[in-house]
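Naming follows writing order (A, B and C), and every chain is counted from residue 1.
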Amino acid sequence: MLNQSDPILRLENIGKYYGRFQALADISLSVQIGEKIVICGPSGSGKSTLIRCVNRIEAHDSGRVIVAGHELTAKTRQISQIRQDVGMVFQSFNLFPHLTILQNCMLAPIKSRGLDRSDAEKIAQNLLSKVHIANQAHKYPAQLSGGQQQRAAIARALCMKPQLMLFDEPTSALDPEMVQEVLDTMAELASEGMTMLCVTHEMSFARQVADRVIFMADGRIVESSPTEEFFRNAQSERARSFLRRVDL
Amino acid sequence: MNNFDVSFILDSLPYLLKGLQFSLILTAVAFSCGIALGTILALLVHLRVPVLGLIAKTYVALIRSIPLIMVLFWFFFLVPLFLGWLSGASRPVPVGATWTAFITFALFEAAYYCEIIRVGLRAVPKGQFEAAAALSLNPCATYLHVILPQVFRATVPIILTQTIILFQDTSLVYVLSLTDLLGAASKLAQISGRLTEFYLTIALIYLVICFGASQLVWRLRKKTKLQ
Amino acid sequence: MFELLSQPAPDGGTYGKWLLSGLTWTMALAIAGWAIAFAVGVAIGTGRCLSGRTIPAICRVYVEIFRNIPLLVQMFLWYFVLPELLPPNLGDWLKQLAPPWGNFLPAVLCLGLYTASRVAEQVRAGIEALPPGQKEAAIALGLHPRHVQYYVIVPQALRLLIPSLTSEVMGIYKNTSVALTIGVMELTAQARQISEMTFQTFPAFAAVTITYLVLALIVWAGMTWLEHHLAAPTSTACDPRPVFLPPVKEENR
């Protein structure tokens, strides 16, 4: 029922408050299937908050969030439906420390999608090979390096066969030498046509992968331009000074 | 003291061991029921379930503020009344000291285990809940497969230490005149007049068991810390 | 419900007076016991962290013995067994001590030394939990080792300790009830005695239980106050008050 031309995600005038502090103001955004969007902006500008409103890890206070044609409201049924179709990768990995990598990947497909063990395991093994850690499947998260853990977390999200992937600074908690392996995995995913909404400060990655860059400040979208244009000729002074500091 | 008589002890060892057996069974039952009930109470508080959460919180605070002996007296008095009321009988149903002990210890320990598990629940990083939600696990699966296993892992040493204290506390059934290890010793001591021998012997038995157990817990704690 | 407390008791007073006398004994046990427990506990706990072998080993043996034997068994050892093990004249003196003291003295010693073993463990944990950087930084500043302990380590360890000491204080006042087994007429003993005299079990137990709850509340409030007043400002709570420190005196050389 979702037409090819319909956006997979549509945000209409989202507002979000923490107490009296306005974390998001009047955010509107629409993401087409297959589109890759990079969100950047100074720390505290509301990037995480925005991305977390998409799968309702945070509830927005005003406006509408529409994922795959369904509006997100407080109804639990619907939220869990939508979360099945939206994968999320966190800055701090958030792998389950008491489960092996393979078990981490199988848990949600079995419990939420209702797959049986053997199917779930097949899918998990497949995706673990894809992120090049098939040989780590039976280890526990703490036994892996940061880069491997983050790739495992990506595989875990992919096991749910999501239509949209959210990344919240997936490389910020990594040692510098591990950043590239994770970015490569994400680029590979992008080249396969995954729809991606990605908060990152890795501007070379944005240049290489993104169709569009969104620049946020103070809870607002200051700028939203095609990648080429953003890097060549950013409209706002804030974005330009941000780029001068980040991109060398 | 000049005539510390070992043969007395050896002769009555079977009786003492039977007492010890009762102590251990009481510990095991109170432990299993206490953990189960304590987990439920902790979840009620943690999830802020309306009404029930408040009741659980009050129960735990109440039990933790009163001496165990007082609780034993309360239950010895209340349980027969409660059973009488439940069965619709007009008079209290006598249940006996043994049952009272089992029920009291289970309910009493539940409050202490609840507190341990509640603190453990609070210590689980927020990211774990968020990751589970992002994977669309329902609350039941989230707690069962993601949160509680981590809580139990983290709190196992504390739970076991509490269980060693529970084992020591079972000696308080002495006030209900039950024959646990201490009860057995005190009965024998009274009959024979050999208080010194019997009390020193069981002190040694308790010491060996509790010291051994606490060493095991200590090793476990070191092992889990390394991981 | 509590008219019972104003009813006359066989000894000419009221049952309320009995309860009050129980409260007095409970408080006496708790306070005197805590004084022993704190002093001995801090000493033993610090002793376990000293360098060298003998003193830590002795302290460890103390802790293991006193915390691995049930309190009730320890009560019996103090009350029944100790007088037999002492030289005869001393043992007899103990046994013939005038009524309340003959029971109270062993009870207090037992309670205090038992709790001391637990306090010692908390003190040791508190000292070990301090990041080594604190001591190193203090030494690097050229502070005298005595000042390192006095101004840097001990104040911090004490703060870390307050929550766990709270639970030990709660523990000792609850454990006072174990003294009833050797005949100290504290609160729980009075509850049982009043209920046996009057058959009014519910009001008797309820009155005593409420008394315990009030005591718990006082202990909790006191320790929370203490914790609050000694708390070091953390980064989130921007408390401008200076960290609690003993006043610095000019050193005489």
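Simple rule for what comes next: a contact is a pair of C-beta atoms (placed from the backbone, for glycine too) under 8 Å apart; a residue touches a chain by one contact, two chains touch by 3 or more.
Chains and their UniProt names: A = Glutamine ABC transporter ATP-binding protein; B = Glutamate/aspartate import permease protein GltK.
No experiment lies behind these values; they were computed from the predicted model shown.
The minimum number of touch steps separating chain A from chain B is 1. Highest inter-chain contact count (C-beta pairs) belongs to B-C. Relative to the C-alpha centre of chain B, the farthest chain centre belongs to A. Once CA atoms are averaged chain by chain and compared with the all-protein CA average, the nearest chain turns out to be B.
Between the Cα centres of chain A and chain B there is a gap of 47 Å. One simple way to say how far apart two chains are is to compare their mean CA positions; for chain A and chain C this gives 54 Å. Centre-to-centre spacing of chain B and chain C amounts to 22 Å, using the average Cα coordinate of each chain. By the touch criterion stated above, chain C contacts chain B in their complex at residues 64-65, 67-74, 76-77, 80-81, 84-85, 170, 174-178, 180-181, 187-188, 191-192, 195, 201-202, 205, 208-209, 212-213, 216-217. Within the complex formed with chain A, the residues of chain B that make contact are 125, 127-128, 130-138, 141, 145-146, 149-150, 153, 227. Across the interface of their complex, chain C is touched by residues 1, 62, 64-70, 73-74, 77, 168-169, 171-172, 174-175, 182, 186, 189, 195-196, 199-200, 202-203, 206-207, 210-211, 214 of chain B. Those residues of chain A lying in contact with chain B across their complex are 52, 55, 57, 80-81, 83-84, 86-88, 90, 92, 94-99, 107-108, 111-112, 142, 156-157, 160.
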